[in-house]
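Both complexes below contain chain A, partnered by chain B and then by chain C.
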Partner chain A sequence: MSDTTIQHHVESRDVTFRVHRFNPQVDSKPYFDDYTIKLEKGITVLRALNYIKEHVDSTVTFRAFCQAGICGSCAMRINGISKLACTTQVWDELDRSRETGIIRIEPLRNLPLIKDLVVEMDPLVGKMKKHSNWVDSRMPEDEWGKKEFLISEKEFLTYDKATDCILCASCVSECTILRAHQEYVSPAVLLKSYRMNVDSRDGIHDQRLAGLVKDHGVWDCTHCYRCQETCVKHIPIMDAIHGIREDAIERRGTKDTSGARHAEAFMDDIAKKGKLVEATLPIRTNGIAWTVKNLLPMAFKMVLKRRTPPPPPLVKASKGIDALRKEFREMTGHVTKDHQKKSGE
Partner chain B sequence: MKRYAYYQSCINESMTKEVDRSIDLWQKDLGIEMVKMHESACCGGSNLDFVSPKHFALVNARNIALAEKQGLDLVVSCNTCLMTIRTAKKKLDESVELKREVNEILGKEGLEYRGTSQVRHLLWVLIDDVGLDTIRKKVKTPLSKLRIAPFYGCHILRPSSVLGKDDPLEPTSLDLLLDALGGKSIPYEHKNRCCGFHTLLVAEEESLNVAAEALREAMEAKADCIVTPCPLCHTVLDGYQAKALRQSGLRGSIPVFHLSEVVGLALGYSERQLGIRRHIVTV
Partner chain C sequence: MLQVCTDFRLSMKPFDIVIVGGGGAGLYAAMEAMKTNPGLNVAVISKIYPNRSHTSAAQGGANAALANKAKDDTVEMHIFDTIKGSDYLADQDAVEVLCSEAPKIIRELDNMGTPWSRLDDKTIAQRPFGGAGRPRCCYCADKTGHTILQTLYEQCLRKGVFFFNEYFAIDLSVEGSRSRGLIAMNIKTGKIEAFPAKTVIFATGGYSKMYWNRSSNAAGNTGDGQAIAYRAGIPLKDMEFVQFHPTGLRKSGLLVTEGARGEGGYLVNALGERFMARYAPEKMELGPRDLVSRSLETEILEGRGLDSPAGKYLLLDLRHLGADIIKSRLPQIREMCMYFEGVDPIDEPVPVRPTAHYSMGGIDTDNYGRTIMEGVYAAGECGCVSVHGANRLGGNSLLDILVFGRIAGRAAAEESGKFNPSAIPESEVTRIEHDLRGFMQPKGHYERYGALREELGQTLGLNVGIFREASKIRKGIEDIESLTERFSHVRVFDTGDIYNTNLLQALELKNMLDLAATVAAGALAREESRGSHTRNDFPVRDDKKWHKHTIYTYEEGHPRIGFKPVTMGRYELQERTY
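Entry: the complex of A and B
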């Protein structure tokens, strides 16, 4: 019988890493290699990959640097979810594995593959450049380096979390819309754009905002929250995306993009009827021509199945709508006062 | 009989009427009563919050206050209504000033948001209050012949800081319910992903690509049908199915059921009674 007071037992076991492999110079298509190694509890996925590269197969290719969750280089999909290899515990992943004892390692999605687990970051960097993801200083150039350009702590708190982004591209990899269309701006770029747009030192807010509301921009986000849920720094990315939308509606109105018009329709309908008038939503969002072209064929099927939303006159207002309308108007008064106060500051 | 304030989602009152129709049929069989909230207003559908955050807080504080007035939890059967109303509740519970501002207005209608009623999805009520064992015992027609692809939809899972019931990336609740109904839920990657509904009118091509991916995966996994707890997901996966598959060059079709319909089927109700024949994809 062992004496547990003096013997230090370290849990260890064989773990298989099923690693995505692809060398475009040699392989016609990607494949997976299994590497089974004996590991102790407490080891990270990155340390395991380093062990494989040093002792088992030196050709396995991945990016890594700081080993401390700071540089963002080692983002990859581990058991299907994008995360940092250096902050991910092997034992945690064993609990999540679909096949017992096997951890699946794949490259990030939505970026071109270079080799094995390494993806090309240029498309992301290109989008960051396109949307000027830096503070374009309002300070005259001849004053640069001569005095500080300070911001208040209150202001900093509005983008404190956004500055935590390490550009690991996990959110890019998990983005639903980017997967559906590679031109989409991407969550990381929206986050950075928001962070720059709320910085009082920045001088190109309106220009940046005008770029963000174009096609494949901020209104194409489908609110799936995968970016936020998988962010390795727990940044509320959707708050930034909603922040840009709120800003766009406030400064540019709702006329220049279908996304803004779509959002405004909700406000109008609630104010009038307390509920959404779905029958006219496509027309109010995209106009009659788009609606006829895109939805008319489907409308016939829906009529046959008695699935069409009722026309506006037949949408009964919520019971108690008079009270709601009054409350809505009163809140509009509050919001107007807020805006006046904000513009006076 | 446990009672709930049942929030009637806009889409269930217009396009997906079969959801409320099926719940009406079986609710008493499971010992629950959904008391319809006729005075509630549209939650804002994940849109009002960035048009006007304060109107968003007001409308949803009022929705919850109406449930609180009856002393009941608010139950929804639409994922986006769930996420939206819970988001408002979180903001109200975290800000004394916002709560006070909203209550000053609601007070004139004799309402007060206190934060006492919980906001829950029908799926959660079935699992946590009715219980899987009870449901198992009530099943008359097990779904045993069906290989089911569960499709959770986003807003019952994410953001987890607002939802917090299931693992946002590895959910199990719907699988557990389908198991209790005698069905076999099959694994496939898209089950916790997006249907594309919220950009359908803004970026249709992208939305349909998203939907097609979900449908393709479910069909490749040899599922007989998809089941979803969200009428918005249903609208895309059923109503736009042919268009989505055509756009992606895919063939075939797969029936899509609402959660409330498969509960009804397992409890012995017919397709006609449950309104299943209203679907666009023939079952």
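Entry: the complex of A and C
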């Protein structure tokens, strides 16, 4: 084993990397290769993979560039979670692993696989283009360079965190909606869209927003928070998604999609009764025609199984509804005030 | 869109501009070219997705005399600081362009959406930086390069630049003294493709990665553009000047920024001494970058370093600052030490050693980015105008790529109509295909590129590093020659076409070997000490003999050295003291 030793003066141990392999030229389906090497504490997963490529099996294929956590190339799934290999310590992963001494390395999900750990990034770039993920400056190009925009530190702070995004696509890989619909706009693109929309230099806010509220857009998100939990730069991505939704309802009302109408119906029910009136929720969200066409068979099944929701007149207001209504008014009052403050700036 | 592009190339109608490299310089060039003439076909060819480029790693900022922070700052002062910093090897007319364009370029980036940090009066924020007389470094927190790169990429997408992402540039197709275009490999398919082009702009970044794990650079900063241009007959300039940063992490060479010492960190040797007292008793840890680097190296050479299998090192001790200060003011540095060294600076000193991080040399260009070959340009760290001379100032590297990327983009856009290149012959493509297959043939005796790469970094660090002297440099040159010979036996074990990083890394090593030969040859030739180039056997600056640029031309596999005068202006030669 001596030739597979990097360093050996501090704590060291044998670690097995179970690496996802697939070369479409020769393999009919993916498989795993195990590489066991002796490592010193303090080594990152990327350094270990580099070592495997240089000394054990040079055909193992992955992306890596800056090796310092800023370029976003080496995002992959390590023990099931999407993250950067270059900022992940092997020892931490050994603690997390379900199988003693084994670290599982797989490619990102929700993007087409090219080889081993490399996935196609073009779909993400395509969505960035589709949603105009750039500042379309209010200043004509021939005026550029002559004077600065005056921007408050406060405005800078509204997009500061969002500009930390390195497009590593970890959030894309973890997104539960993308798993169901590849067309979904994806968390990273929503984050970037939000960042552009709150920038006072940008001149196409309404047009960008109109694109985001269409099918497979911002209303498809189910608030699972996986994107935010896994973000390698700790960006509150869900705040951006909520920000776009609030903006959309404020400027466009709830006409755009079932998602917006669903949210509105929810709010109404909570305000009036403190709970949902489930029987009419689909009608208010998607209209009567859609409901009859799509949900009637299910309604019959529910009747057979005696799982029908109570008819609307029988839904009584919850206990303590007065206190709840008061609290509700207070909460929505805060939101309205926030909006007034924002638009007043 | 890609489809349009492919058809377009099949008809063999040349691109107006092909830009090699998608970092700050390449993207600025692409955007400016499209701005100059929206009807042009501009293609960016990059071996990685452009938003991954190493521009993203620049944290500090870009210098510009906006006078937002210090009202009395002037372009004139910026010019002087830059020339003095360069140890008077910079061309003064080029520095004038750099510094007078600076305020305009920073405002332009603001106008297109770069998120600059702001001052109370809502103008772009500026902070002090090493070697600058006024606080003129414009920044976005500690992610300036990253945000500039994102902005430029976004604007290029907006303007409809054709991107060929994950294409590896291999060769320039040359007919006589003219270029026909570029030949590159599509990494995702392994196909060799021709890019006929009226103009080509090289913007592939620096070559400091040849010092391998003694470098702070990204794995891909292997000088591909310089090596391709050099082999195609375009001269390189000032290659011997490589800047070392004092505090790289021991294992990875990654940078611990000057901020750590700015906050009061100590540099300590194996005996527990704050050794900077020996070299800069007043300024201690905050002496100028080249002096501190030389001090660390001296401690190691004289046996006062600590030992580890990853090499000798010294310690950066932050513990006395306390957990609160480290967590609040140096969070990124703490994170880096934990990620990459497995050390929490609150509990343990950080193992450091000097690390190669910037190459002043590059493709020889005029002030418009033009090389001696018609229709071929270079910009950014890949080119050498020269604005940094023998030593670059902090905050001038981002500025360089922006200003000269823009200038080269405009020049190419305006001049592309003049060129009418002939078609790239099919035979060149098949020759390259054949050569690449050669790497994969089974060989009786073979070499692994990984080992050669490591040895190259080692010999460069030992023999052509911070301290240089004739006998050592000769040893370095011998080593590079023997490594080049051994390279012909390298075997690539991945024989597939798709995403063959094994093959790419071998090709990158060849580029580094060719450039390493020029760095070493220049280091031996230049018998003086100037800026980053320190000769123990010639310890002083010798303006009489050596106030000139070194020029390298490729001749039968070896560099031939020539010289070029330095363009002077209103600043006379002076001794450089701080």
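Note that the second predicted complex is superposed on the first by the 308 of 345 C-alpha atoms of A that agree within 3 Å, B and C clash if a C-alpha of one lies under 4 Å from a C-alpha of the other, contacts with A are read in each partner's own complex, and residues count from 1 in each chain.
Throughout what follows, a contact is a pair of C-beta atoms (placed from the backbone, for glycine too) under 8 Å apart; a residue touches a chain by one contact, two chains touch by 3 or more.
The structure presented is a predicted model; accordingly, all values stated were derived computationally and were not measured.
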Superposed on chain A, are chain B and chain C clashing or fitting side by side? fit
Just checking: does A:Ser73 make contact with chain B only, chain C only, both, or neither of them? Give me first, second, both or neither. second
With chain A at the vertex, the Cα centres of chain B and chain C span an angle in degrees (to nearest 10) of 150
Using the touch definition from the top, say if A:Lys301 reaches chain B (first), chain C (second), both or neither. first
Identify the partner contact of A:Tyr159: answer first if only chain B is touched, second if only chain C is, both if each is, neither if none is. second
Touching A:Phe328 in the superposition: chain B (first), chain C (second), both, neither? first
If we overlay the two complexes on their shared chain A, which of chain B and chain C does A:Asp136 touch? Say first, second, both or neither. second
Nearest CA pair across chain B and chain C in the overlay: distance in Å? 20
Can you check the complex and tell me which residues of chain A touch chain C? 6-9, 23-26, 41-44, 47, 53-55, 58-59, 61-73, 86-89, 91, 114-116, 118, 120-122, 125, 128-129, 132-137, 139, 141, 143-153, 156, 159-160, 163-167, 196, 199, 201-202
In the complex with chain A, residue positions of chain C that touch it: 35, 48-49, 51-54, 56-57, 66, 104-105, 107-108, 110-113, 115-124, 140-141, 143, 146-147, 150-151, 154-155, 157-158, 163, 165, 188, 218-220, 251-252, 254-255, 308-310, 335-336, 338-343, 448, 450-451, 492-494, 496-502
Contact residues on chain B for chain A in the complex? 10-11, 13-16, 38-42, 44-55, 58-59, 62, 101, 105-106, 108-109, 154-155, 158-161, 168-170, 187, 189, 193-194, 196-199, 201-207, 209-210, 213, 239-240, 243, 277-280
Residue numbers on chain A that touch chain B, as the complex places them: 80-81, 96, 98, 176-177, 179-181, 184, 216, 219-226, 228-230, 236, 238, 242-243, 245-246, 249, 258-259, 262-264, 266-267, 269-270, 274-276, 278-279, 281-282, 285-286, 294, 298, 301-302, 305-310, 315, 318-320, 323-324, 326-328, 330-332, 334-335, 338
